[in-house]
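One chain, chain A, appears in both complexes that follow, with chain B as partner in the first and chain C in the second.
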Partner chain A sequence: MFENIAPQKIDLRQWSTQFRLLEDTDIKQFKYYGNDEWGVYLSPPATFMVYGARELKKLKFDNSLSALRLWGFAFNESERLFRARQSGKHIVAAMGDLGTVPVITMSFPECVPFYPDCTWWTPFFNESTVLLDKASELGTPEGSCFVRSTLAAFHKMAYFPKPDILFASTGASCDDYSCIMQMVEDMGYELNWLEIPYRRHRKDYHVEERYTKTAHGFEYPERFETYLVDEYKRVWHKMKQLTGTDDTERLKQSINKNNRLRRLTHEIRELTHNANIAPYPGLEMMVIEFGNLYGYADIDEWLNILSMVKETILGRIEKGLGVLRPDAIPLAWVTPTADPLLLNIVEDLGGRVVATEYVINQALVEIDEEIDPFVALARSFMDASMIGSTEERIRNITTGVDSGKVAGVIISNMLGCSHCAMETRLIEEKLKRVPVLAIDVPGPLGITEQLRTRIAAFLEMLR
Partner chain B sequence: MVLGLDVGSSYTKGVVFDGGINSKIVFKTSFKPRQAIERALHELKGYDTVVATGFGRELVVSAGKMITEISAFARGALFFESSIRTVIDIGGQDSKIIKVKDGRVDRFIMNDRCAAGTGNFIEKIAQALGLTLAEFGELAVQADRAEIVDSLCVVMAETEILSLVGEGKRIEDIVAGVCDALVRRIDGIGSQIGIEEPILFCGGGALNPGLVKSMRRIFKKVIIPEDAQFVGAIGAALSI
Partner chain C sequence: MNDILTPRERFGLLVIDERPDRCNIMPLVTSHAATVKDMKLRDYYTNGENMARAQIAALEKYGHDAISIFSEVGIIAEAMGSVFEYPENDLPIQRVPALKKKKIDELTIPNPKTTARLPVYLEAIEYAYDALGDKVPILVYIPAPFTTGMMLSEPNEFLMQTIKEPVQIERILAKSLDAAIELCYHTIDAGGLPIIVDPLASSSVISPKAYKQYALPYERRLIDYLHRYDLDVILHICGETTPIVNLLPETHADLISIDRVSMSDTIEEISGKLRLIGNYDTSQLAFSSPDVITHEVTEMVRQSKNAAKGYIAATGCEVPTQAPAENLIAFVNAAKETGWYWV
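Our next item is the complex of A and B:
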């Protein structure tokens, strides 16, 4: 469907018109949790304005069926979680861990993992600032990161059902989020903390011990791996208590399924970033990268969607078609932007994202299926950007710069975000070989003409 | 001939350009950019095409081309002096620091989020002291020893200045201190990209003799072009 329509980015009104071309049978074939009765999720993006996501009116979306499926599924997550609760599934909150706890929890029958921290996007889709206002009332004022929305969401309990079990990482994790989770604990929620060790380099220690390397080549002491294995086994034990099951074969199956997801995401990224003309927009690509963490609470359907996305991309590449102009300026994007509109703006002004460092790169690394599954999980997580030094993070970015495929770097600097405050300037300093634009991402409804001018001037400079 | 039109937030500037300035116009935008654009298009004559820049550039529907202020100021500045390494524009509502290299923009930074470091800072302080902008500039150059004004926030600076007035300090020294504070702020912002000399100082701020004196006190090689307020408009015209 829609194969004969030229690829482009379209707004809500255009999507609503195009949606009429679909037959009922087309719409009903896509379902979450495989449920025919209430699992149908395909709808024009304008539908989600009814649920309060009124800022969607500012955005433009890819006009393929795969993108329609992707957006319908991503925006349907809240409904999906409440349906999961109604149908007797266990709801598992995996916070701040970025990619490993969901792999473990998916090993247990009828368990649905999700990331409450992802609520930080909600105020940028909703016209209302109710989440941020409530977060301020609860003690996290404007000076804090947008992840404070999560605190308000836990208070309101309208954005996701009350989880059956909550895991939250601490240690080498995001400070702002960690602070929020402590406040959630103070509200009376029972949190299961798991500690993430900071990935120290050999030179940081003056003791003799065994070191090893991650898939991305980052060095770390082996005992950190042992430590993480123990932490993951604690998660396993808690899940065993919750579900009454204990089958490590299922963990291997979960790793296999998550590896399929990681491979597919990696392939889509490679195809999109290396195509002559951008076959898929940057905003949809960001949604795809984040889906890699937990399959948006239904990994099977997410895998189906990504297969369709890959087909769309391959088809467009084969025909030499794309959604952006052929001479769009190739950029690397560092740190995910809380406001999705920024990605649209950069593309509208002539930019194209061909490399990303969204602090979730570890979720792109395949988990070793030949070794003990807990060791494999720990080893894959040691690649996480968040738990290493800024220099190591910069290494991820400079790969794209050195290959010559990146003309400039945009860093979204989140106001109130503790690691952004420290890292943005450091990254700018270290990336002297390539032009860098650091954008202070304003609060919801805060994108100004001045900000557009700064982005436009940066792109003019690169052109 | 090309009309370069710089629709700024405070002033609208237009030049009809054919390798040199044929005619020019400048007047307050007064929060009515559409009317300002109409006026410039109507009053300036003899042009074949329009290139727009400035915050109101997208409102110039008849423009054959649009460019950002950053590109426009860099081109305009290089037209006046090809040896410059940095362009500093102090406008009414924002300021820009642009490093140029090999005839192109190398890096830039803008201060557009508060009055500190913009012409608005001077305007508000002049208002508080009951001075016109012209009087403010003339007094500043008569200073013997500029007072130190630490506050960069316009609200705080007003309080600090009131204290200096209360202490009986000379008004000439106080306003020179205000000019120094603004230039120090520019220097601070510019340190993020590294200001290199020679500097071309332009925009409405370059018409203020007090600010020019402060710029020359803090930096060694500062060039003030003859048509300092028209650098953006000229750069727009040159980009055709």
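Our next item is the complex of A and C:
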């Protein structure tokens, strides 16, 4: 379906027109949890707009069936979590670690992990301050990052069901979110805290200890592995208490499945970023990268969707087709933008994302299946974006710059995010051999013509 | 109790079978909204921005949970050729039905962006959606094919044809269905949630047999079309519906809005299959006192709020334009007080 339609980015109304071409049987073939009654998710963007996602009126989307499927599935996540609960599944909130706790919790039968953290996109998709205002009412300072909307979501319990168990990672992680998680705990939720160590380098003044390296070549004290293994075993123990099961073979199976997801995501990124003409838009690619963390609460269906996305991309590359102009300016994007519209704007103005650092590198690394699974998880997590130096965080960007693949870098700062405020200048410093544009992402409905002009001027300068 | 959720969040939970903070409260505040803005009715139903502004004013005044974009059930028939008169302070009155001057084959499917008052609806939806769409569902009342069919015809002739000329009726209904689908399509793209209204299919007007033969199949086809979008569809049939209550699940509606029926019987009969909406007597809203209304609404909500698939406190039909504001406020406050779910 849609194979004969030329690839392009289309708006909501164009999608509605194209959606009319689908037969009922086309729509009903895709469903989550295999449920016919409520599991069908292939809806056009207009459906989600009717239910309040107002920014969809402004966004442009890829016009393939795979993208329709991707968006329908991603936007359906909230309902999916409630349906999971209604079907007797355990709802597991993983917070702050971005990538590893879900691999463990998926080892337990009928357990569905999700990231409440991702609620930070809701105010932007809805063009709404409802959650941000409520978070302020609940005591978060206005100067904290948009992730404070998660607190309001916990208060309202309308965006995800009350989790059966919550894991909260702190330490070398997002400090604003650590505060939010503490406030969630103050509401009466029982949080199981994990600590993330800082990936420090060997220094003369350190006491003597053994160091090792991650898959990406980042050095760290070997004892951190033991430390993280203990943390993950605590997660395991809690899950065992919750479900009454204890089968580490299933952990190996979960790692295997998550590796399939990670490989597929990696392949899609490589294909998209290296094609002559961009075969898939930057916004959909961001959705794909974040799906890598937990499969949007149904990893099996997400894997099916990604396989279809890969087919779409391969087909387009083979035909030399794409969704952006061939001379689009190759950019690296650092820090995921809370407002998806920015990605659209950059592409509309002639940019193309060919490298990303969305603070989730750890979820892009394959987990070793030949060693003890807990050690393997710990090792893979030590590649995490946010737990080491700035230089390490942006290493793949600097590689892209050095190879000439990246012509410019856009950094999206989140208003109120202290992590951004500190690190953006450092990143700019370290990337000074290439032009860098740092954007302060404004609140919902905050994108102005002035901001568009800045982006246009930046791209014009690169051209 | 203070509300925890916005109307949008509350409705969102209801349609996925979750209990919100309290029951949704959606009295059918349609053209009554004009009175809140001291607006002439003609100014309300001929200007989309006026309609939306009046709806927003009513929502702010009464505190209910939905915007209702609607004037009267002739809106599609008018766009297909029926002639209406616009009294300054009354709803449009049909003067000449389209089929009086046209043959069925000559009926064309109107473009909602350009034809008759359909653009008024689209303008109203867009205005309301931009203003409140993140917090409040924008419900748009779409006349079902049977009701539009009758508004295209001389009513008596249409009813006689249901007995004598079923083929003709089917042709009219097919055209009406296509027109309704087209309006739904544009409604959705503007941000509105279509709710299907079929007042002329009530048992006050036609027999259960005629309902089953002519109205229901077209309601179902329209609802099935909306289900392609995965939308949750409300079907409203005012008047007497007791004889057809057991047929309502066959429409495939997700929520059913009912008027003159016994709510307790309806709960027993179909509340396991459909979410129920209703059914306070609108004449009471017009002529009774806040105290009586408080008492009766409390009782209605107490009886209905635990319906298996969920419940929305509403009026059985449109709130009369002359209903005093204090009566509406009493309705909403009583429903809020009694309809609370969360501990």
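The rule is simple: the second predicted complex is superposed on the first by the 461 of 463 C-alpha atoms of A that agree within 3 Å, B and C clash if a C-alpha of one lies under 4 Å from a C-alpha of the other, contacts with A are read in each partner's own complex, and residues count from 1 in each chain.
The rule we apply is simple: contacts are C-beta pairs under 8 Å (C-beta built on N, C-alpha and C of every residue); 3 or more make two chains touch, one makes a residue touch a chain.
Predicted model only: the values in this text are computed from it and were never measured.
When both complexes are overlaid on chain A, chain B and chain C end up sitting side by side without clashing.
The superposition of the two structures on chain A yields an angle of 90 degrees at the Cα centre of chain A, opening toward chain B and chain C, reported in steps of 10. Once the two complexes are laid over each other on the shared chain, residue contacts for A:T453 go to chain B alone; chain C is not touched. Touched residues of chain A, counted separately for chain B and chain C, are more numerous for C.
By the document's definition of touching, neither partner reaches A:V207: not chain B, not chain C.
Within the superposed three-chain model, A:Y51 lies in touch with chain C and out of touch with chain B [touch as defined at top].
Using the contact criterion defined above for the overlaid structures, shared-chain residue A:R13 touches chain C, although it does not reach chain B.
In the superposition on chain A, A:V40 contacts chain C only, with no contact to chain B. When the shared chain is aligned, chain C comes close enough to touch A:E79, but chain B does not.
Of all Cα pairs linking chain B with chain C in the superposition, the shortest spans 24 Å. Judged by the document's definition of touching, no chain A residue lies at the interface with chain B and also at the interface with chain C. Residues 55, 67-71, 94, 104-108, 110, 112-113 of chain B are the ones touching chain A in the complex. For chain A in complex with chain B, the touching residues are 435, 448-450, 453-454, 456-458, 460-461. Taken in their complex, chain C has these residues touching chain A: 4-6, 8-10, 12-13, 16-18, 20, 129-130, 133-135, 138, 185, 188-189, 191-193, 224, 228-231. The part of chain A that touches chain C in the complex is made up of residues 12-13, 16, 19-20, 22, 24, 27, 38, 40-41, 43-44, 46-47, 49-52, 54, 57, 78-79, 82-83, 86, 126-128, 130, 155-156, 158-159, 161.
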